[in-house]
Amino acid sequence: MTRFLDPERAVAGLVPAGGVVAVGGMHATAAPMALVRELARQRVGIGRLVTSPSTSIQADLLIGEGLVEELVAPYVGFEDLGLAPRFRRAVEEGTIRLLESDEGGLTHALYAGAGGLPFVPLPPAIGRSDVPRSCPELYREVEDPFTGERCWAIRALRPDVALIACAEADEEGNVAFGRVPFTDRVMALAARALVVQVERLVPVESIAAREAGTTLPAFLVSAVVVAPGGCAPTASPGFYPRDEAALRAYLEEARL
Amino acid sequence: MSAPYSPQQLMACVLARAFRDGEVVVMGAVPALPLAACRLAKALHAPSLSYVVGGSGTVNPAPAGLLSQSCDPELRGGPVTLPLHEVVLLEGRGGALDVFCAGGLQIDASGNCNLVGVGDPARPKLRGPGSVGLPFLPAVGRTVIFTLAHNPRTFVERVDFVSGAGDTVALVVTPLATMEPDPGTRRLRLASVHPGVSADEVRARTGFELPVPEPVPETPPPTAAELAVLARLDPAGVLA
Amino acid sequence: MTRFLDPERAVAGLVPAGGVVAVGGMHATAAPMALVRELARQRVGIGRLVTSPSTSIQADLLIGEGLVEELVAPYVGFEDLGLAPRFRRAVEEGTIRLLESDEGGLTHALYAGAGGLPFVPLPPAIGRSDVPRSCPELYREVEDPFTGERCWAIRALRPDVALIACAEADEEGNVAFGRVPFTDRVMALAARALVVQVERLVPVESIAAREAGTTLPAFLVSAVVVAPGGCAPTASPGFYPRDEAALRAYLEEARL
Amino acid sequence: MSAPYSPQQLMACVLARAFRDGEVVVMGAVPALPLAACRLAKALHAPSLSYVVGGSGTVNPAPAGLLSQSCDPELRGGPVTLPLHEVVLLEGRGGALDVFCAGGLQIDASGNCNLVGVGDPARPKLRGPGSVGLPFLPAVGRTVIFTLAHNPRTFVERVDFVSGAGDTVALVVTPLATMEPDPGTRRLRLASVHPGVSADEVRARTGFELPVPEPVPETPPPTAAELAVLARLDPAGVLA
């Protein structure tokens, strides 16, 4: 059953210390910042942080707090605003264990986690890059049993908990994305527990009026955290744009 | 006589001319320039061009201006949005996407792109954002590389890390020139210099040995029609 | 570019003789019957017919016409109305080559086809059934390069063409499902060509107002066939229910 | 004294009692009976039960009557619909779905189900619809089997084809009786006979050797509350 919790209780109750934590949102859009800030406040150690194919402040902040031991993130940056300062420093100084990965591999690895598939072979193109051979923890070669050819495969990722931001929830705990889903759906399905931060509560009829595939049922949602404005300084589609001034201020401080 | 234009406006025109009608273009982070190019191509010579903006999965968005965030909520303007998961599928599948707009911290003589970092990847001098979707580059029809940084640190003989292989690179566009692969060796060579730029300058600012054709073609400057469309697409002057 | 064609031209132009043809719709809902009937009318030989996890008249009819050489269909039947008579007879009499398959395997095989993955390993549970070992054409064992354990894998399916039914298209060729997608999205993405039968044309703004993931862009749609009522006798959600009398009449005739 | 009831109404009650509050139940083709059971359980003792109807992916639909098609457009009544693709993922993953309602042309002493056919699968005497989602049965918490055909052709010592393995079977419900696996041998044994049915009759109509407990428990008949809910859920009398 879905519980309705404040950020403090959701993080304390559902994010295991040293666990595999997935954090959604792409770039500076729909990052579950109310939950991310609470992770920092409670100083929850993260054994492995798994992000969307492109992540930003939601990862940089946790890395900067020294909470992340191991990172799976194909892109950490701030797009037009620049590189991710704390991520950059942690990698350059060797204070984080970065598992090199790619967008397609990560997405398929979460698909595998969601579907109980042990691993997923990747398109042949991946072998032309240096990514797979630089991370044997995630990528290994396998023989295609149909053709006999070698190909690269990625291991399934199964986060202990996923933290994502959606627009709305109803009182039963059903949630509506109310936005482009990015890869947050498969991240949600792959995780053993799911905490969804929402902008507001709506009647159940409002969720029911949405089209198939744009909502998630309560039975997949461990906890709903109602946090209006909780994506800031990232954008919450339909509610507010990214707060560029706040992001610039973060970057300025982070670069020190 | 041509009107005044900025280097980025010229680059947008060069990119746009490389897109053919009916093709599908996909772009990644910081999409302002390829977004301008796609909309320009669609307005002028490629009405059936389709373009997919980065992580957002939006198809053919036409926001009020040029956006620098690939997941900007303002990108909703397109008629269709594909979940990113499905864009990832199509990138790997091949046959669906014709052009991938890529870039890199380093770009080498073979057109390989590096977004991982400079120096030993295990302990880099400069760590970049990461490889994102570039490893699937060879699965997409052809790659078009653009960068605002034409200097010997960016254009190197061999990247320190191959994020995306240059196998399908068809064109490189910088503020100084365009390059293309030699069909025989697949190494990049100078294709054209932008108006006012000399081949010597381009070679001096390229970190690998750059073959130069004789005579050196000049990149055609933006036409009045191109500049008119760009002015309409980019009221805030992002490319100015 | 999307073409707007009548069923006759769509089938003649886009369905290769002897090819791999995928036909969407689950059970008696959203079957692209206008296209299926046209396949029968033109007597297009189908090298391999690939269906949804559960198919009905859309497969039984083509099988009954003797057009299907090889079949990948985890379920062919009419639910409460009974077994699929022509499918049943073809298998019992050995006049069709049936590749035994399962719902999960088929879905993952289409995912692999859509994503350029050569094959997909399946959850360990599959090995407890007789399905994988009875069809080496589709299922083979592979060693997990991460754990060393053996698991079953399914080969990617890449149809030459997929035929699906959606609610609406706009004049550019963008389409809106307007219904539960079943597995028709991944079938559409896996195919080299895609023909979408729709109930009606709508303005482009109408497609644009739909949520992400409930539509497909024109660049994936080879042809749109406007065929009001074209799912009958199966249901077209939002337009008409299944025509039970017509299905019963079909079954009566098919059982002869 | 209990009110009159049909065998299918009793079966719905037995199934409903097997569902616990907070669980997630998934059902396949011809969903009328398990749909009735889920709605009954939710109305009486399991308000937080969730159920997913077959290929449609609809969660907790509450249509005006009991439907016999798993993809009936009338199933839209639920607050959420999962694309079937995602239901397939959850079935394979384990941990998300608690109960799978299954059936078969043949059901054997180990609880294996066969939907492929009778006889040699390569050239069957009777070809069934196919295995659909049953191969994933062992990945779901537990399996509940129901069938309207309690006879020696359905209940066989060994199925001719294992569509779904009986590893997680917890309960079998027929118009005559209920069965459960012996915790030691995992073979099915009689658990209860429905009112008015004798153990001998059940054994005679079961094609495998069926252990019978002594004394034989009787299945509790539908309560007045259960029948009242069923009457409301099933105005057309699909289960009557």
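All chains are identified by letter, namely A, B, C and D, in their written order; residue positions are counted from 1 within each chain.
Everything below uses one rule, namely that contacts are C-beta pairs under 8 Å (C-beta built on N, C-alpha and C of every residue); 3 or more make two chains touch, one makes a residue touch a chain.
Not measured: the values here are computed from a predicted model.
S.K.: From subunit B, count the fewest steps through touching chains until subunit D is reached.
M.R.: Minimum step count, subunit B to subunit D: 2.
S.K.: When contacts are scored as defined above, which chain pair ends up with more C-beta pairs, C-D or A-D?
M.R.: Spelling it out, more C-beta pairs touch across C-D than across the other pair.
S.K.: Between subunit C and subunit D, what is the separation of their C-alpha centroids in Å?
M.R.: Between these chains, centre-to-centre, one finds 28 Å.
S.K.: Once you find the CA centre of subunit B and the CA centre of subunit C, what distance in Å lies between them?
M.R.: Averaging C-alpha atoms per chain gives centres 38 Å apart.
S.K.: Averaging only over C-alpha atoms, locate the centres of subunit A and subunit C and give their separation in whole Å.
M.R.: The answer is 33 Å.
S.K.: Quick check: what residues of subunit A touch more than one other chain, meaning two or more?
M.R.: 104, 108, 111, 115-117, 122-125, 179-181, 185, 212-213
S.K.: Residues of subunit D touching 2+ other chains?
M.R.: Counting only residues that touch two or more other chains, subunit D contributes 57, 81, 83, 88, 92-94, 139.
S.K.: If two chains touch, include that pair; go through all of them.
M.R.: A-B, A-C, A-D, B-C, C-D
S.K.: Can you list the residues on subunit B that touch subunit C in the complex?
M.R.: 22, 24, 48, 50, 57, 59-60, 77-83, 86, 88-90, 92-96, 139
S.K.: In their shared complex, at which residues does subunit C touch subunit A?
M.R.: 104, 108, 111, 115-125, 140-147, 149, 151, 153, 155, 177, 179-181, 210-214
S.K.: Give the list of subunit A residues in touch with subunit D in this complex.
M.R.: 1, 111, 113-117, 170, 172, 174, 185, 189-190, 192, 204, 207-208, 212-213, 215-220
S.K.: Residues of subunit B touching subunit A in their complex?
M.R.: 29-30, 32, 54-58, 68-74, 76, 81, 83-85, 88, 91-94, 115-117, 121, 123-139, 161-165, 167
S.K.: Write out the stretch or stretches of subunit C touching subunit D in their complex.
M.R.: 26-30, 52-54, 73-77, 79-80, 83-84, 87-88, 91-92, 94, 100-105, 107-108, 111, 122-126, 128-132, 134, 179-183, 185-186, 235-238, 241-242
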